[in-house]
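Should a chain be cited, it is by its letter among A, B, C and D, assigned in written order, with residues numbered from 1 in that chain.
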């Protein structure tokens, strides 16, 4: 949580093999740059020989000049200490493209949270393989691109989408987008494509999870937001939640009930991604909520 | 839960002092009218001398004529057995007015669920003491009435609202409406006005519950949907839920986090009211979910 | 929920193919026998041509004689109307055998709820393939039988267990019992053996679910109570729940955290089974909570 | 979460007025002492002029000698930088006294988690104003002291309890102890007495919360674990949770249902206290889970 939407705040993510003194090194570095640490989160997979993850949120006075200096010095520090790092400024909002098909509930949840500024993000475009949602998207002043897609046209369609996205978008959200992206497409946005799957993965991997949940007689249905990888439904999980159901819910009722948990889970995951709270470690995530 | 949106389904609510044979009497009556019972719910506050509550959902063949006959015969049955009853048909959707001030999250949740048909309801009008939400409401084709309200103009404003509502509306939802309705207004819609209070009542009765929750250091924040009575925040509770927070949430963050649980709780309560699943008993409700 | 632990209450479960008038028939029958209905629950899988399920809780005056008469007359009614039925009296507690291996958390939860009378049940015996828990079980005055089991001795061991159970036990709970029962054994207690599986089935079917949950990076871990059938982990689910975890939980931590949700889920399922609230329909359950 | 129960781990809690460089200072200090940081948590109430809270879990090689040195040097550091601090070693378990009256559910939850080593704590004694639970407590090898208490004998009884506790106990848990401790008693264990209140505070402050919850018709009941202060039910909240109920729950049923959430909430709070995860800030807590 952070209510600071002003421009003097920055976030630094660091990961590296575990080594002694890494916290001291980085906090000393920030102190030298007159950064005032507001939030500090840390995780190590194994204190002996694991991977170290760190997220620091800090304020800078005289932001514009000091941020540039800090970023430039970070390159040196990172090289010396072999750090993976990512630095972002609250001054520059992340740009999110939404991919959608016909169902609008996940899309609308994102649009409402964007409009209310609950999620500080820009939405430069919505792309869909159907034209159905064109009007509602455009009514919010968001450009809508209809790119039809069939087995035959997939390669061309993805190419067209990539051209639209190029340089305009930082990450992509599949808000119930009923197409499978190609490895080529995914490779352009590694750990930058978020999907919402309408089951509590790994239960009901694949198609029609609600029908299968109904047939199995589960007592809770779920939803899973994850980064998209080439292994379908196997990417790093960002957030999951469930909702209680009972024998009165027909298969169709599960779909309706599920929408609500899908919306919540996706919105949380997007919010955390936007605030740089998610770090990927292999097929898992560390989320500093 | 009910996926039946077709016109051959009806719902019968009955309450009466507990007496032997009441279930037999009513189910025999329905059998004689060739009603096919789909859902049956029952509750008694005390099997010896309590109040008996019943909700029956049933299908009718040859609906139009048989519904009229059943309704007419119910008057006789109810008189003979001293029953309070309410009969409704899926053919006729309930009509809901939404009262709102400036915050739109609760309003939008209701509009989206109405649009997606998740809540089978009509929205003949939105009334607000501010003009801010006029455009967004009208973009959904819903009439919007701006009725400013101050201490001095309250009586006139309520009168104007009552005129707009008259004959056009079955129940009212206060979707974060920041005005207190007068006893006179409330008396026109007994147990037909639903309010969403942004706390887990009876904790933080009154104003500014999020600020007070922050100051008290609670670990969960909540929301409560209840019917409006003359005793502020004391009406029959329909639904409540909570959301986990932690020390990182500033008072302002609680407001944002709380919006989500407010939306969910209000939408559930409205949905149950629309489906005739809520019966009021004194200051409490029986909800047949 | 029912606080009535007195001896004048009975519970009747009925299932049959959906047919008109079944509720009237049964409630008239009960009225004739002067039964006072306290709770009535009903479900139909399809109002046109489904299966109808009903649970009625009722009080009888002059219990001893009227219960015998009602039971005897039910045989006739059931034959005439082709009903499956089960009648039980609060006077006669169900008898539960607990099977356990070395871990005691699920066992202790059941023992504590039995001792506090939260679950109105008798525990005539605990059977284990290890001797570890002998002392703690016997300290509660419950007979403990140690029946070692290996691949070679399984048939004999199960035979010995069946002899111990015979006539003394109504149902069996596998409270983290680390052996797979044979089809022969299971056939003696159809839908009368409850298992607790330490995952949110169908996720992580099979062995070591916590390790696999850790490796998959899920954000919630779960537990599932189900009736045991010959298809491992595929029996009708009675109850499920989940618990939130995060990246700080090592695989070992998941086991500890999981114990808590296992305990809760198993205790709920056993409680519902004891109160005749669970009806099995194919591979699913209807639970009238 | 921490699975490290070995003796080479220590935990350092620090609080102080917010000042630049405090993280650097402390982590440099630990680096000089060859501490290997495993978990680092931090919170500030206000980055400009608030209070700064920090919890560091770290391993030490050659533990026995280096821990002594580190502790001694910490006195100097704390004086120089005006730090409040607390250092603890996993080698030395905290000692918990349990105060109980007649109800045993909260007591048993703590005993079971102690026995299973889920909560790494010692229980040198249980003190009760009734003799009822003497046998069960002693069956676990825990000394039990019966100290009757009435209005007249309160002062003496508390004196006797304080003598028993003196030098043997680090903190006290009131596991449904139905007596109000005097300010004098509380002053001996500031922020070291944990109470479980059977409501979702501040709802239903005071006596009989379940009866009042029933009368108010709430849809969730809760429990609250908090540190005891002289203001009854107003101490810093450590943990809260809720459980869904419905109209079928009689007042007596709420008590039974509530036990479960009481047990969970109290066990969590005690576990966090034992692991030094709770810092008190005025009337609130920071919990680094």
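Quick note on the criterion: contacts are C-beta pairs under 8 Å (C-beta built on N, C-alpha and C of every residue); 3 or more make two chains touch, one makes a residue touch a chain.
Quick caveat: nothing in here was measured; it's all calculated off a predicted structure.
A.B. asks: Among all other chains, pick the one whose mean CA position is farthest from the mean CA position of subunit D.
C.D. replies: B
A.B. asks: By the contact definition above, name the pair with the higher C-beta contact count: A-B or B-D.
C.D. replies: Answer by contact count: B-D.
A.B. asks: Rounded to a whole Å, what is the gap between the Cα centroids of subunit A and subunit B?
C.D. replies: For subunit A versus subunit B, the centre distance works out to 36 Å.
A.B. asks: Just the number, please: Cα centre separation of subunit B and subunit D in whole Å.
C.D. replies: Centre separation, subunit B to subunit D: 42 Å.
A.B. asks: Which positions in subunit A are in touch with at least two other chains?
C.D. replies: In subunit A, 39, 43, 248 touch at least two other chains.
A.B. asks: Over in the complex, which subunit C residues touch subunit A? Could you list them?
C.D. replies: On the subunit C side, the touching residues are 43, 200-204, 216-220, 222, 236-242, 246-248, 283-287, 289.
A.B. asks: Give the list of subunit A residues in touch with subunit D in this complex.
C.D. replies: 20-21, 23-24, 27-28, 30-31, 34, 36-44, 47, 59
A.B. asks: Help me check something: in the complex, which residues belonging to subunit A touch subunit B?
C.D. replies: On the subunit A side, the touching residues are 1-3, 39, 104-105, 108, 112, 116, 118, 139, 248-250, 252-253, 256-257, 259-260, 264.
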